[in-house]
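Okay, here's the structure, questions in a sec.
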Amino acid sequence: MSARQNIALALGLLVVLAAIPLLTSSRYVLGQFILFFIWFGVVTQWNLVFGVAGIFSLAQMMIFAVGGYASAMLAFHLQWAMWLTVIVGGCAAVVTSTVIGFATLRLRGAYVALLTLAIAAAMQALIIADTDCLSFETGTCITLTGGASGLSRFGDFGFRELLGYRSAVLGEYYLGLLLITVGSAFAFLIINSPLGHAFRALRDNSACAAARGIDRIKYQVMVFSLAGFFSGLLGGFYAGHFNAIGPSILDFSTLLFLLTSMIVGGVGRFWGPLAGCAAMMLFDELLMGLEEWRAVGLGVFTVVAVILFPQGIVGFLESGELRRIGSQLTGLSAQIHHFVKKAPGQ
Amino acid sequence: NKNATAASGDPIPIGCMTGLSGWPAAEALETKRGFEMAIDEINAMGGILGRPLEGHVIDTKNPSAESVTGAASRLIDRYGVHAIVNGHNIGSQNAEYEPVADAGVIYIHTNTLISHRHVIESDPERYYGIFMGDPAEYWYGPGWLRFAAHLRDTGQWKPRNNKVALIAGSSDYSITIIKAAEQTAADFGWDIVIGPEIVKTPTTEWGPVLAKLREADPALLLHSHLAAGDIAQFMRQFRQDPTQTLIYFPWGPLQAAFREIGGADVEGVIGSTVMGLLEDDMGRSFQSAYDKRYDLDPGGTGAISGCVPYGLLHHYAVAAAVAGGTGEPGDYEQNRRISQVLKRFPFRTVFGSIKYHPEWQSAVPYPDLEENDPSLGMPHLFYQVQDHTQQPKLIAPVPYDANDFQLPAWLS
Amino acid sequence: MRDDVLKLDGLSAGYGKVLVLRDISFRVSEGSVVGIIGPNGHGKTTLLNTICGFVSASSGTIELDGGHLTGLAPHQVAARGVVHIPQGDLIFPDLSIYENLLMGAYLEPDGAVQARRLASVFAMFPKLEERQAQMASTLSGGERRMLGIGRGLMRESRIMLIDEPSLGLAPIVVEQIYDTLKELKSQGRTIVLVEENPSRVVDFADEIFLIDNGEIVWSGQASEMEENENILETYLGG
Amino acid sequence: MNADVRAPLLSCQNVTKRFGALTAVDALSFDVGAGEVLGIGGPNGAGKTTLFDVMSGVVPASSGRIEFLGQDITWLPPYRICAAGLARTFQLNAAFDSLTTLENVLCSAYFGRREVTLPKLAYDRETKDRVDGIIESTGLASVRKRRADSLTVLQRKQLMIACALATEPALLLLDEPVGGLNPKEIDQTIDLIQRVRTEWSTTIVVIEHVMRCLVALCDRVMIMHHGRKIYEGSAAGVGTDPQVVEVYLGQWAAHRLQHLIAEQQTHA
Amino acid sequence: MTVLDSVLQILVSGITLGGMYAVSAIGLALLWGVMGMLNMAHGSLIAIGAYASVFAVGYLGGTWYLGLPAAMIVGCLAGVLLYFATARWMVGSGQFEMNIIIATVGVAIVVKSLLIIGFTGYPQRQPFALEGGIYLGNVLVPYQTMLIVCVAIILMMALSWLLKATRMGRAIRATAQSQKAAALMGIPAERIYLQVMVIAGVLAAISGVLISSTANTSPSLGEVTMLKVFIICVVAGLGNIPGTILISFALAVLEAAIQYALSAKWAFPLLLGIAVMILIWRPYGLFGAARIRKV
């Protein structure tokens, strides 16, 4: 697809998403969309590191959590406004992400995956084991990170006061939409800029890239830093939206769900995260009725999806299947056009 | 005849959220069963003012803020439930309170979290409909220290020193319990020598912890690790070279797996629950009805989890009937009335009395909160494994204590 | 008339929807050497890859000794006695030279035969013997090529497909390789050879096929080729 | 021009590269003068590619010193060496496989010409124009939009040269630029290299086993063996050096080489 | 309790844990370290083995030692099924490495849910267990621990030998490096994957039976040690099988020592910290060699 087609498709989607609250006021539907925005946004940034730059980093949820925790802690302990803490959270995530970029510099493939996973697991373990009380309020111990029970009720984006409790979700919906729009536009710009080419060049052949003037250290660290900011912002948005954050955000199962979304959608492709997250969340939703068999259904779906679409859903669509259908459609529309033009004459 | 009393009229949708497809699956299934059993019983008795209840059970996967919030919104939006009644969804951090409070429906759960109280107190007007059907996990800690002091003071057990060791698993509950014990230990005359030591869940190799324990040699151990298999392994390894320590685990010893895996090594251990099926007529008849209905081995552990939504839903039904009917989402007035009734009238069910604290909106514990009237508090039940082939014996509090405390074999 | 070992009939093949080979038919008779030449990127490698099963034919048939190869997986084709020495080497990077060579004899369970062949490969490329334990991934371009060819010689074949044997090799080694090929030819082996250097092919092959744009545009005896200077001129230059 | 008066553009002194017990490049010293074309030959495994690797910084030297444009580049990382004006091609036809031809060249042009502190979000006009020119003159115009992994051998070789040129090198190292090509294509490539030399006034070092190419292109030839220099001089002398013939050329190739040189001289 | 006793206790605990890690690592080291196929369903195979034994003995009423052969048979079947659910469709495709991770994640989710549905989520008693042990001072070394350690070492050695010295082992390594080149040699890549997954299934099932008597037979058995086992494989250097055993014991003893000396809450984070440091210092693991790819 050309850049123009991509932009047209993106704008179309944006209009549709912006119109959703007009079609339904169901808090559940909007809530699921907000969750979709969060996961989609996170996967988009992850895709920059994992797919575009080809670095097997599994630190994404940790970077997200740093953003979330930083905003939550500032809001909780210092009573800062969420709008502010979210930005600080984004910056904290950039710092963390950059450090991870440095730590993984000398590593390749599975070794990167393990190092990042270990860092994330260590962070979770440290949070859970955080039991040193900063203060005792109403008989309970308040710790820096909230420990195993996490932090909650530290404030939100003010939509509740502004729009009332029931419409607050609307505000958060549009805030989420704004975040993913900006985040995706950012990812799109990066992927199609010299920087994006440098990332891909390093992934394809790092020795050759070095000989063409591309400094691996610099750009690897850079891709981590860039992907960190929106991940952190989204972490803060998550914290503000749910008004809670806890160590379960670092659970392996969430990470795997998102990793699966990325791969099912199509690794390294701009539309991959969107297709993957949408497919996984939609399917999970459809399986709701299966109760205890729901996880079985999701597992089977995952296996079948990678078998049927080894290049991801987007890869499958790009591989010609869609083009075939598309050309049939344009053929059809040409015929209709032809017919319509002819009709009045007769 | 039966049909005469059976409910007719518009069904009342009632929700239940539980992690059927996640790690809590085993208990979640019992939650679902207890919920459905209560609905059938209530409907057979005529429903709420003649309207039958219609249950909607929804899966919360591995409970987390997003999945439980989503489940609550879905129940309200999609099914328009008038109430949500279930067991616990640990990990949600009370985030689901928001959609529930927005809709104003009644929500009764047993998340067993001390933070429930803080939420309610922060805005009683907003959270009027949200109740925690059991006392917070917090009470396990002080409850055990009080009970141990009682054993000491009544001479049933003569500790060699006043040292206590505190060990916890890496879960929210476990840590809150241990922190509560840490804060109150001194009040009961105990001196903390180990801990709180937090061990990752799961842990099955206890050597390093036991080495510390053997060095410190405390008279009392509170081990708030919750996984039955893990603590059974602890006991097996402890008994290889035991110290003169009275050992307590909250909740874990009540599970069949604890005795199955630990065998004779677990005899003498004390466990407790702040909410549990009583061994009285009411409890026993529930147990047998439950086991029969779901074709379970008689006397199994399923009913212990199943009784939770069962009792809570009955309480709700009675309260709604007294208040003149249920309230749909948005009907704040009616739901407020139900909330008033729930707080006003304690309800005796298969796990004791549900008496909601007027400000905290959670069940009042007995006797931990210095509540001396068992009809006004939910009993914190203490059990001792006396024979590993049998269910643990209920040894406290009065008047539910059918059995006596026995000095564990390793305490000479 | 000798028997046909390999028979291609109306073979077309390509990548995705792009056809690279169109309607290729020819026979290779027992003990003969067939040379395939043609401009770069016009399908020579694709032809060999189609025979050995890497690329699937979109139409047409491939027969080996009267049995079908079309549609078989590469390892099945190999098991029928097709040895392919591919253009891109396809060595096992993290096996040693020695292990790479042994892999060449995977279908040859007899240890004594293996040892004999190994000795002859080592005799041809003493460098490989010297460096037996070196990881294949660290070899120089030419050494990789030697390894690729050596590995192909580790097994008995009904037909050998060789893609550009002289690529990246020092002139003296090229000489040696052609000597070996000539020896194989004299032993009656059947060989299909793709080579960029027409003078080599003319020297060595019995029959030559010129592939242009996926089609056979000329075929004939090597001797006819020399006479037909303008064909060489048009397609391959000096 | 005379080779002696040209100031050395690149000078290698005692460059050594060891891999464990193996010395791939052994205390090698040589100069390359501005504007000249130096050919390198030698048996397989002689250390030619390794020499390029060391010069371009892809692998670090074990010892020795490399000076380029008066600057010591021995320990510089490859991307700095590239920015300094030394570009190379690879023996195994390396390219960025998932990028198109155009993107490959653009990317090299953007990052390789000078050190980029902070990349912009789009390529500038000047780079794009320059890249268009290079694609045109290297004969890749018809495959601008094709992914690099679907190119033919010849096109990949052209692409590598195009990418290297896009970095605007003062010195271009070519590793077997005509290996695997047929005579016609070899001539085309020789022609391209000659144009590079004149139009971009680039100094060139070329590794090649095809003697025809060395003879046609080089002012001077160096033959390596076991990491050492065994011959340095005119292309004409290669075929007559007994050691070179013995370890590298063999009788037949030596003979052909003589033939070629004679032919060239009659042409001239 | 003397200091010596404490030290002994730490050592015995470390060795018990180490044996558990080593034995859990075996099948994984084969599939991941050697074949480059990260099998996220490895933990499921372990759990399947443990439950096969529980089922054969506890539900069908076999003698306790029959649990092991039962588990091996079921492990073999599980390997076959795993192959047909995942690798069968992916061998030879470009995205193999990544897709196989996701496919096995899917399988792991399915297996765990099915185990929960079939056996409930509560832990059960593993009938295959050696009772008793030998006292070293006041410290008991259980027979089960000794069995686990011996089995781990023997299996690892056997695996090492298989891979290094046999035709099949070479074919396995060759297929892992290039499925295309292997096919050219006449090696059926699919069959190699099937064989290897069956071997991994059997090995994992054996480890499941062995460790579940000390680590609880529950549907998440195997899963809980997975992260540590991943770390062990990587710290040792992927594909280095003797190194994997060594690191299993080293890290486990370290873990036990930290638990004792500092506090249990630091054991896991510190262990991870050490792993991170080792990787930064030696990017290919302690015993691994860098992979060289020429351009």
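Should a chain be cited, it is by its letter among A, B, C, D and E, assigned in written order, with residues numbered from 1 in that chain.
Assume a contact is a pair of C-beta atoms (placed from the backbone, for glycine too) under 8 Å apart; a residue touches a chain by one contact, two chains touch by 3 or more.
From a predicted model like this one, the values you see are computed outputs, not experimental measurements.
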Greatest Cα-centre separation from chain D belongs to chain B
Between C-E and A-B, the pair joined by more C-beta contacts: A-B
What whole-number Å value describes the gap between the mean CA coordinates of chain A and chain E? 32
Taking each chain's centre as its mean C-alpha position, how far apart are chain C and chain D in Å? 29
Centre-to-centre distance between chain E and chain B (centres being mean Cα positions), rounded to whole Å: 37
Rounded Å distance between chain B and chain D, as computed from the means of their C-alpha atoms: 77
Among the residues of chain B, which ones contact at least 2 other chains? 21, 25, 29, 170, 198, 200
The positions of chain A in contact with two or more other chains are 125, 129, 131, 205, 207-208, 292-293, 295-296
Mind pulling the residue numbers of chain C that touch at least two other chains? 138-139, 141
With touch defined as at the start, can you tell me which chain D residues reach chain C in the complex? 19, 41-45, 48-50, 91-92, 150-155, 176, 179-187, 209, 211, 247-250, 252-253
Okay, in this complex, where on chain E does chain B touch? 1, 5-6, 9-10, 12-14, 16-17, 20, 113, 116-117, 120-125, 138-140, 214-216, 218, 220, 224, 256-257, 259-260, 263-265, 267-268
Interfacial residue positions of chain C with respect to chain E in the complex: 52-54, 73-76, 78-79, 84, 86, 90-95, 99, 102-104, 106-107, 109, 135, 137-139, 141, 151, 155
Would you pull the chain D residues touching chain E in the complex into a rising list? 58, 90-92, 94
Which part of chain D faces chain A closely enough to touch in the complex? 56-58, 77-79, 82-83, 87-88, 90, 94-99, 103, 106-108, 110-113, 115-116, 119-123, 163, 167
